[in-house]
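By written order: A, B, C and D. Residues from 1 in each chain.
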Amino acid sequence: MGQQMNEQMNIEVLQGALAQYFAPWVQALGLAVESFDTDSVTLRLPSNDQLSRVGGMLCGQAMMAAADTAMVLALINQFGEFRPCTTVQMNSSFLKPLSNQDALVQARVIRAGKSLAFGEIDLRGADDGKSVSRASVTYALL
Amino acid sequence: MGQQMNEQMNIEVLQGALAQYFAPWVQALGLAVESFDTDSVTLRLPSNDQLSRVGGMLCGQAMMAAADTAMVLALINQFGEFRPCTTVQMNSSFLKPLSNQDALVQARVIRAGKSLAFGEIDLRGADDGKSVSRASVTYALL
Amino acid sequence: MGQQMNEQMNIEVLQGALAQYFAPWVQALGLAVESFDTDSVTLRLPSNDQLSRVGGMLCGQAMMAAADTAMVLALINQFGEFRPCTTVQMNSSFLKPLSNQDALVQARVIRAGKSLAFGEIDLRGADDGKSVSRASVTYALL
Amino acid sequence: MGQQMNEQMNIEVLQGALAQYFAPWVQALGLAVESFDTDSVTLRLPSNDQLSRVGGMLCGQAMMAAADTAMVLALINQFGEFRPCTTVQMNSSFLKPLSNQDALVQARVIRAGKSLAFGEIDLRGADDGKSVSRASVTYALL
């Protein structure tokens, strides 16, 4: 899954990783790989009543779960393969609510060292493009 | 739901809030109110294959979702009623994996002011009592 | 100090705010306003033995202090004036060490609402341009 | 500096580490080792005009610097010696202002593994005992 492969192939591989490495409850988010580039992966989180609390707003729990999941895929994309890793720490800020639209979740690898990797995630409305949540995360590479 | 009420009543009220204020996907965690005291609420997160990734370990996404949810209940417990609020920021640390046991999620209100509330969450194994994740959170009271 | 003013004026005003609103111990960092744009302010943190621990590396404490300080200036820049505010929460990640060069500290306002403001800070080497620390911060506007 | 040593000795050793391992600018905080136990170290941060911004309140930058510093000492206390380590991430919450009194900064090791250590810090007023800031931190052990 190196950089010599074409985009279609990578999206399929990344989409396959979603089914392979994550708990069924996380898969119930319905995340779909939207795009990727050298150091980032973008997932689409479809609008879904199951993820909304009263008022039709996407719940923060789903935002955090999508962000963490997107970051694991960004690391797979970065390394060209799945490497065992574990989330050490994650910090999320919730800027404003999101309702009545899909979310795009872009996870970017900021630095990947030998034993630690750092990433940042931006979650925005798919229709209006406005950022609604930002997260930063630290992973330990095992 | 003030402090004059008995414990049974409060557990019922808090359990009812779980069904009333959270997205169906969050309710699928199967959280149950275990206990509470003046400034904290403890939830039980039952062991569940749906929440496990490869290796039988509870996924971090479920830990974060349970922590955020427990904190909303701790605020309801603190205020004696549901007050509209929104998570502003949440930081989670993942100390070690958890497998093959329920988790207990204790959320404690550290400070509740007029417009902001601060809380801390400890998630530990229900059998071995070992802390596996800690979180701190900031809420805006609307 | 609105957007109609020229850059020189704003840099002077922002530099003046550094002397006016911060503790002497923070001023001892020797921060200088380097540049600004619509939603960000960049400060220079001069290389200084007083800020180095063994090995000539800039200490993390100085990085955090510079980041928080830069963000207050970014809010002044954003609002066109000093508004009383208080740091609610700040999260910092330390990606790699910095030594033997100045640091550039760019603070960007991500969202400024009525009662809360969110920002992100990037601290990088002034010579090599490499990011060494990232921070996110929440401010309460009083 | 193991647990067989008496408290006086440990306080001296820990106080000596403050002078040995930290930047002069951090030493200017005037931190003094107050006490320790198996998994925590408490420092006193003396009230000092140099650390106050307008209004006589202890600046947040000093709180963060004291917290990070206290945690390094807690790790020295935990390991019985100085081990090279680096702060990976630190999250601080600011609950309320502190003025006109010393601060006590208690840093506790939550978990120390082979390559990572986790800690939590509570900063409170030395006179009124009220918590004003809380922090959590991740260290990489080198």
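Criterion: contacts are C-beta pairs under 8 Å (C-beta built on N, C-alpha and C of every residue); 3 or more make two chains touch, one makes a residue touch a chain.
From a predicted model like this one, the values you see are computed outputs, not experimental measurements.
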Using mean Cα positions as chain centres, tell me which chain lies farthest from chain D. A
Is the C-beta contact count larger for B-D or for A-D? B-D
If you average the CA atoms of chain B and of chain D, how many Å lie between those two points? 29
Taking each chain's centre as the mean of its CA atoms, chain C sits from chain D at a distance in Å of 23
Please work out the Cα centroid separation of chain A and chain D, and write it as a whole number of Å. 35
Each of the following residues of chain C touches two or more other chains, namely 88-89, 91, 93, 138
For a test of understanding, state which residues of chain A touch chain D in their complex under the given definition. 88-89, 91, 115-116, 138, 140
In their shared complex, chain C is touched by residues of chain A numbered 91, 93, 95-96, 110-111, 113, 118, 120, 131, 134, 136, 138
List of chain C residues in touch with chain D within their complex: 20-26, 28-29, 48-54, 59-62, 64-65, 68-69, 86-94, 97
